[in-house]
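These notes concern the structure reproduced below.
Letters A, B and C mark the chains in the order given here, with residues in each chain numbered from 1 onward.
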Amino acid sequence: MADRVQRRPATKLVPVPSTNKIPERDVDKTPILECRHLGIDFGGLTAVNEFNMAIGRTEIAGLIGPNGAGKTTVFNLLTKVYQPTRGTILLDGLDTHSMNSVQVNRAGIARTFQNIRLFGNLSVEDNVKVGLHNQVRYGMFQGVCRLPGYWRGERVAHERAMELLSIFDMQDLADHQAGSLPYGAQRRLEIVRALATNPSLLLLDEPAAGMNPSETAELMDNIVKIRDTFHIAVLLIEHDMSLVMGICEGICVLNFGEIIAKGTPEEIKNDPQVIEAYLGKKREV
Amino acid sequence: MKRMTKKNRANFLTYGGVILAYLLIRVYDGTVGLSSMIQGLLVPICAYVTMALALNLVVGVSGELSLGHAGFMSVGAFSGTAAAIALQNAIPLAPLRLAVAMAIGAAFAALAGFLIGIPVLRLNGDYLAIVTLAFGEIIKSVFNNLYVGLDAKGFHFSFLNDTVSSRLGAGGKLLIGGPMGISGIKIISSFTAGIILVLLTLVIIFNLVNSRAGRAIMAARDNRIAAESVGVNVTKYKMMAFVTSAALAGAAGGLYTMSLSTVVANKFDFNTSILILVFVVLGGMGNMWGSILSASFLTLLPELLRKFNLDQYRMLVYAIVLIIVMVVTNSPFLQQLVENVTGRFKKEAPAEAEEGGEGNG
Amino acid sequence: MTFLSYLIQGISLGSIYAIIALGYTMVYGIAKMLNFAHGDVIMVGGYMCFFATSGLRGNFPDGSVAQTVVPGLAGLLLAMAVCTLLGVTIERLAYKPLRQAPSLAVLITAIGVSYFLQNGAQVLWTSNPKVCTSVIGRGAITLGGLSISHVILLTVAMCVVIMVALTWFTGNTRMGKAMRACSEDKAAAQLMGINVDATISMTFAIGSALAAVAGVLFTSAYPTLMPTTGALPGIKAFTAAVFGGIGSIPGAMLGGILLGVIETFAKGYISTQVSDAIVFAVLIIILLVKPAGLLGKRIPEKV
């Protein structure tokens, strides 16, 4: 499958400078994600248009913008919940055209959801084990007959799940039902589940929503820790500016489905167009 | 590893319960003696318990409503029983013939489940339910018009009109006779075989649920989009649950028919599908032990009611109970009420009632 | 000639399916639930009509026009009154507590209600079939050698009248607009001051009244009445509603008539024994090829 996809992108590739500032340590490597002329229409409505972006191998990037700007739609395009109308997505140089959600995840993109989507009736540990679905594999027959492959697989899955849960100190919650966890823990569990799929790019949709300032600070440390431990790139949507400005190296601002600014936190803070998008136009006196 | 043993303990209690029930019935039968009515019900109970467990795999574990499971039972019953008759001379040993026939029934039902699953599992919710219903009716219609005969030259088939009987050579016999179904079945099913099937079904379901595949099935049930986002091929695992369930239903169908002397396609109609659904819902969706209890009890119930001449109210009572169970388990107000009542007994009810509590009015 | 007479029979049967499908489609559009018991409300309507006609016929001189028309009209009104009440009661007791529940739970409850009505009818009225008299008599008109019964004419006319009336109602009245609002977004409708509970009750009332009309027409065309009479037409009418595009009023009509024609042709040209199987096969194919139906529109899930 992957080979077939790899051979065909030439028709859709357009040489466009992504104009992104990739962090210096990643500059000499190819970007993990490149979007070119990405866009989608719903009926006659253009939700996202001309979305160009590149993310470095170990970059923490931010996607910000007012409500309804199309941020989550970008995530849905990247993970193929929607198929793009236009444009190309290159994941580590591989065109994800004609892939579905499952294949994109196997290729290396994992995500969390704005409205939490856990497997509510499963235990915390089993949620992570579902994330390990393609990492620790054995067949249905092995499982039903409890052959050695089952015992080996289950032991590895258990150890890996506990290890991943320990990132957020959640080992003690392993037996709890995921749906009964407090809100913050559910958001953290979603991140752990996404990490379990061994991604090279982690998409976080409003990870700090509903958290208090001290929880947010802890989350910031953890996101950096995840990047440093797993050597992966992170793209996050967030409204909490302290988090975005605190940890993102590159920021992309979206308004009405189009990119209005790109740059480092410092540049974005002072960009007049961004200020206008968030606060409205300054009235002429 | 404490958690593993806890989960396993519940499963082993279920196995133990089934074996204990079997031994008790056997001892009671040997000493006091069961009435012939109850004795005649032992195999049907095992068949219905297996059906309920199989449907629970689809409804409770996989989260899809199937309204046509009697169709799979029918496929297994007809193919299995026809195979048993055809193999009568080849395998003289009855238990072995029963096992082979049930395996053939399960295989055909699994094939039907796979073929039906391809279109069905592309749909969801109410549409999926109604399409399974449609397939159940189509299967019934097919067996009502299918004629299969066997003679020295091999199998003969015809559809709608019986052209098989006239084509059969000397010593040939009509296996399936359209609306007349199969008659002259040798009764080879036994209670022991039934219990073995129930235990086998339990082992398959419990082991499946507690494995990688089972988690994927339940993840797809809880949240399809999230399951796909972590790389679970939802259609594949829904199909796995559906086909496994169909195969088990087919085996149950074979067991059931081979305890009767004749069987017709109309026996496996929509009402049978609903009856099995009632077993599953009353036993608790996803709860295997509950399915076993409700299927056994509700199969015995009509016979007990018949003694008191209350049989005509049986289905009415089922309907009322079905509605009440659904309303009580799904109404937020009633759930709260039940929680408060049980909480009082458990003495660990949370002090702060939600939304201010009822006492302040 | 046989082709034309099959076609007319098909349109007549299809018109009954269309009337049932209208009730299905309205309830599905607004309450977002598959009211499995809808078919059994038809059966109750049929029994009501049977009791009214057989009770009143004796009071009129034999062979007079009044002997047919008065009991027929009384039967129709009684059926509509009882079914409306029944529909609203069912909604209140069984479906309203489940407004927030998963669709699986609602569907199982609806199946429970369907079983309750069937078995309740069996206890009350026994399973012995009753033979109904047509509410409009057994007369027929002849058109160019083709005989068309009064029942067929009445059925087709009623179907057209009901469709036009419903289209006007949902488009132009206050309640109709409230219904359309509820079908789009119940929470938003509530915020706009629409009484959602009352609107849903009203939908069930209209749907059940339509079921009563369908029951009267159905027993006039096919006189044998049993507690299970409504179940199969109910499921087929749902097929028709899906065929036309669920939630769409012209769609229900179109789907109903097409399904009736398909079924009659299957009976006439292939085999009576497999006609139901063919109807179900049509349902399966439609759901797979065009899940939104002929005139419906599809709404994707929001992520």
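Definition applied: a residue touches a chain if its C-beta (ideal position, glycine included) is under 8 Å from a C-beta of that chain, and two chains touch if they have at least 3 such contacts.
Since the model is a prediction, treat every value here as computed from it, not as a measurement.
Trainee: So which chain ends up in the middle if you average the CA atoms?
Mentor: If we average C-alpha coordinates per chain, B lands closest to the whole-structure average.
Trainee: Greatest Cα-centroid separation from chain C: which chain?
Mentor: The most remote chain is A.
Trainee: Taking each chain's centre as the mean position of its Cα atoms, how many Å separate chain B from chain C?
Mentor: The mean C-alpha positions of chain B and chain C differ by 32 Å.
Trainee: Averaged over CA atoms, how far is the centre of chain A from the centre of chain B? Could you give it in whole Å?
Mentor: Chain centroid spacing, chain A to chain B, equals 42 Å.
Trainee: Hey, how far is the Cα centre of chain A from the one of chain C, in Å?
Mentor: Using C-alpha averages as centres, the distance is 50 Å.
Trainee: Where does chain A touch two or more other chains at once, residue-wise?
Mentor: In chain A, the residues touching two or more other chains are 81, 113.
Trainee: Check each residue of chain C and list the ones that touch at least two other chains.
Mentor: Touching at least two other chains: 303.
Trainee: Return the residues of chain B touching two or more other chains; collapse runs of consecutive numbers into ranges.
Mentor: In chain B, residues 225 touch at least two other chains, as defined above.
Trainee: With touch defined as at the start, can you tell me which chain A residues reach chain B in the complex?
Mentor: Checking each residue of chain A against chain B gives 79, 81, 100-102, 105-106, 110-111, 113, 117-122, 125-127, 129-131, 133-134, 136-140, 142-146, 150, 153-154, 157, 174-175, 193-194, 196-197.
Trainee: Inside the complex, what are the residues of chain B that reach chain A?
Mentor: For chain B paired with chain A, touching residues are 3, 203-204, 207-208, 210-216, 218-219, 221-223, 225-234, 240.
Trainee: Which bits of chain B are touching chain C when the two form their complex?
Mentor: Result: residues 59, 63, 65, 67, 119, 122-123, 125-127, 129-131, 133-135, 137-138, 141-142, 144-145, 160, 225, 270, 274, 277, 281, 312-313, 315-316, 318-320, 322-323, 326-327, 329-334 of chain B touch chain C.
Trainee: Show which residues of chain C lie in contact with chain B when the two form their complex.
Mentor: Interface residues on the chain C side: 33-34, 94, 97-98, 100-105, 107-109, 111-113, 115-116, 118-120, 122-123, 231, 235, 238-239, 242, 271, 273-274, 276-277, 280-281, 283-284, 287-288, 291, 301, 303.
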